[in-house]
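Each of the next two complexes has subunit A plus one more chain, namely subunit B in the first and subunit C in the second.
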Partner chain A sequence: MSNVPNELKYTKSHEWVRIEDDGSVTIGITDHAQDLLGDMVFIELPETDANYTAGEECAVVESVKAASDVYAPITGEVIAVNEELGDAPETVNQDPFGNGWIFKMTPEDAGEIEELMDAEAYRELIASESH
Partner chain B sequence: MSQHTPLYEQHLAANAKMVDFAGWDMPIHYGSQLDEHHQVRNDAGMFDVSHMVVLDLTGPDATPFLQRLLANDVARIQTPGKALYSCMLNERGGVIDDLIVYFMETNWYRMVVNAATRDKDLAWIGAQAEGVDVDIRERDDLAMIAVQGPNARDKAHAALGTRIDAARELKPFFAADCGENKGDLFVGRTGYTGEDGYEIMLPAGRAGAAWDALLAAGVKPVGLGARDTLRLEAGMNLYGQDMDEDTSPLEAGLAWTVAFEPAERDFVGRAALQKQQATGPARKLAGLILEGRGVLRAHQKVITEHGDGEITSGSFSPTLEKSIALARLPRAAEQHCEVEIRGKRLPARIVKYPFARNGKPCTR
Partner chain C sequence: MPFIPHNDADTRAMLDAIGADTIEDLFDEVPAELRADALQHVPAGRSEMAVTRLMHGRAAQDTQPLNFIGAGAYEHHIPAAVWELTTRGEFYTAYTPYQAEASQGTLQLLYEFQTMMAELTAMDVANASLYDGASALAEAVLMAVRANRKSKSKRFLMPANVHPVYRQVVETIVKHQGITLELLDYDARGGHLDPASLPGEPGDICALVIPQPNFFGVLEDVDALTDWAHGHGMLVIAVVNPTALALLTPPGEWGRDDKTRGADIVCGEGQPLGAPLSSGGPYFGFMCCKQKHVRQMPGRIIGATVDQDGKPGYVLTLQAREQHIRRSKATSNICTNQGLLTTAATLYMTLMGPDGLRQTAAHSHANTRQLCERLCAIDGVEKIFDRPGFHEAVLRLPRPAAEVLTALEDRGVLGGFDLSGHYPELGNAILVCATETKTAEDLDLFASALKDVLA
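Up next, the complex of A and B:
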């Protein structure tokens, strides 16, 4: 069973979102996603300072098995990317919700975050996808 | 319903992620495919290959039958335990399957063919055997464990004890018959990884205990994911990707497995291959290395100065820390090419393979 932390928000495309104290958000891919993809070998990070619209492709995670697009969960500007994933892509597998974070954004509209799935809804989504 | 090998419970106990492979529930990895790959290159790992098909061919016509059936010549293996890698061709010279055949004793050979091609192979061999005095017996009573890596042989002996002592003397590509009943405990110094080791055929009922003993001796389970990256680094073909029924061995880097001499030996597909040889095959199998980031994958288009080609097998090489591939290219293509990956054209080097051997990179 995949780990689905209760305090995070989720997207249908298997990104997780953590709201930080300063209003920025941290984004990565879920335990369910990393398990499906397998061992990561390259992470193509978004551009720092780039602006993305919710649902826009902004990063790529490439595993031995397949390359998979990562989508911006909300509209906003990228303020940081996790450079350490360059040398250690496997961190996404080992610690997807912690050190495996991929990028941080400043949201254009905080309301958009509320519309994301909560943990319960995400658990239902992955349960339904397994059939 | 997927089939289970005799080691199914062992896979679950080792936390395997199971997937369907050719109708069998098989372990793709036990946690990390990359770790398992390094384990084989640096130490010892083991694979459950019980899904592969072991066929015993016996009878007075066994030798001439195989000399006709196979592109390589079993006249080369007239010593007990000697092994031969060969393609089995159709009349067009296309590859039906690749396999290893062992000489057991006079009028007894053992072939190991691929799991995915079992039904097709059995139908073909059966048809070719019409009117020939040869018996074909599928040995589905046997399981098979491959133990591979620089420490594999030592650990196998530590785990399995004196019963397999005869295997200590083996030269590469020979097998030792270690059982009370001939053929029941058959240890080949063969493998699909580019490392030293054994492929051990044993009764299905004994496989679990052998696996557990190997675990206790420090051999780690390795799944199909790492099996693919290991064989690709070692430059070994995968049937269904690197060649198929529409590919001749000459275009699959397997010309060395075709015995054209003696000229009097007619084998299925010979005439078609000789035609191809006369003009020279239009394409060849070459190695590719992607110098930058990204992963080469099967079916990606390759662009060269001499025309386009296609990747047949590609993956990330954990030993080289780059992506590598086998590709079918126009014969004259050399040095540089581009590969179309997700809409971009990335530069790659055309190289001879294998890419890694005995734990280390070795491309030129």
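Up next, the complex of A and C:
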């Protein structure tokens, strides 16, 4: 059973979102996602200062068996990317909700965050996906 | 006699097992208007004996003219050992084995091939080959559009002195992907892309293609072109002749600026390395790149690693980017390579070594120089471009190229490639090439035949 922290928000495409004190959001992929993908070998980070709409592809996580797109959970501007993943992509496997964060955004519309799934809804989603 | 093992009884039994009356019934789903009738214009089949005789008769029509045509496919001497080994049962197949069934021997050979191509081009990484030079260039353009994340334009620059067929293939492949080819004119006197003619403010361009040598055999000012491209945020795609690299500065060292030195992607036609002309193929394309772009490089890539006991072994690597895994977002639809031709190329390069390649290149270059001297001594024949070149040159004739070439062919000489179709602005021009396979007597024969024809 994978870890689903209660304080985070989630997307159907298995990204998690943490709202920071200053209104920015930190984004990564969930424990469930990293488990399915397997050992990470490379993370293609988004461009800092780039703008993405909710649902737009903005990064790629590549494991030994698949290369999977990461989608922007909300509309906004990328303000930081986790450069440490360049040398240590396995951090995404080891600590997906902590040091395995992928990028940070400033949301254009804080209301969009409210529409994301909460932990309970995400738990239901992954339960229904594994039949 | 067909090579299908089923007789009527077998066929009947199979149809009964699946509950069909006739084989025709199995095609029920195909609408009547899409069904093909029996082939009207194909003659009835003949016996093996009759076909063999027919083919012998046709082969007897082949003559053995002296070949002075280059234009992208070059007649070089191939040591007998190359194809003696390549046609061994362990290598000889058109099939491309995948990770699960590829033998360590096959993978090791491809790894060594990749190593040699990377060394020849002075680049960081090479793939296990693509189909041919033209499609390799198309893949390089697609790769540059993906890899150049700073550029948003999907526009790239292509000199008009790149092989015309390569340009057509690139255009065909990129045009439906929203990528725009912008043609750059060549200098009328030098036949090269004059760096001074390049715009000071080119705008947002994703890549510049630089040939070396170019289709005319002329050498480009690769350092100036590379620096200009990098200075304007473009990636550099080098299209090179592998034999020439034995003598010229390799693309990994192009450019004078230390920080941006080297082409980003290198591609070309590998045929000169051990593949016979064979009426146009099969040949192979090669592609190399800088380390930072490796994840965008199409094709198969073999890597060296160790097994759980620490023993060395070879694997297909970076497969997550290939079509069978990444599907529509893959680096390419290509997930195969020209295994047989790369085997021959690896053997050729091994047998020739750096010294042998250098001698082949130098000898070819010298022969072309001497050929041009002899031909230009004939009234009305002149060499058009005044810049240094490699093993090919453009000559202008006093009469239309097509008729001169036909007359030469009647005298046993394939005199060159007619340029008037692709480059009408050059007039009655042909592209001539003399490789190391030609002797002084061969050059004399060509010269005297041309003198006769033009007299």
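Some observations on this one:
By definition in this document, the second predicted complex is superposed on the first by the 131 of 131 C-alpha atoms of A that agree within 3 Å, B and C clash if a C-alpha of one lies under 4 Å from a C-alpha of the other, contacts with A are read in each partner's own complex, and residues count from 1 in each chain.
Throughout what follows, a contact is a pair of C-beta atoms (placed from the backbone, for glycine too) under 8 Å apart; a residue touches a chain by one contact, two chains touch by 3 or more.
Model, not experiment: these values are computed from the prediction.
Legend: residue contacts after superposition of the two complexes on their common chain; A:47 is shown touching subunit C, with no touch to subunit B. In the superposed model, A:118 lies in contact with neither subunit B nor subunit C. When the shared chain is aligned, subunit B comes close enough to touch A:39, but subunit C does not. Using the contact criterion defined above for the overlaid structures, shared-chain residue A:90 touches subunit B, although it does not reach subunit C. Judged by the touch definition given at the top, the superposed model places A:77 against neither subunit B nor subunit C. In the superposed model, A:67 lies in contact with both subunit B and subunit C. Taken together, the two complexes place residues 41-42, 44, 62, 64-65, 67 of subunit A in contact with subunit B and also with subunit C. By the touch criterion stated above, subunit A contacts subunit B in their complex at residues 35, 38-39, 41-42, 44, 62, 64-65, 67, 90, 93. For subunit B in complex with subunit A, the touching residues are 17, 28-29, 32-34, 225, 229, 293-295, 315-316, 342.
On the subunit C side of its complex with subunit A, the touching residues are 149, 295, 320-321, 325-326, 329. Listed in rising order, the residues of subunit A touching subunit C in the complex are 41-42, 44, 47, 62-67, 69.
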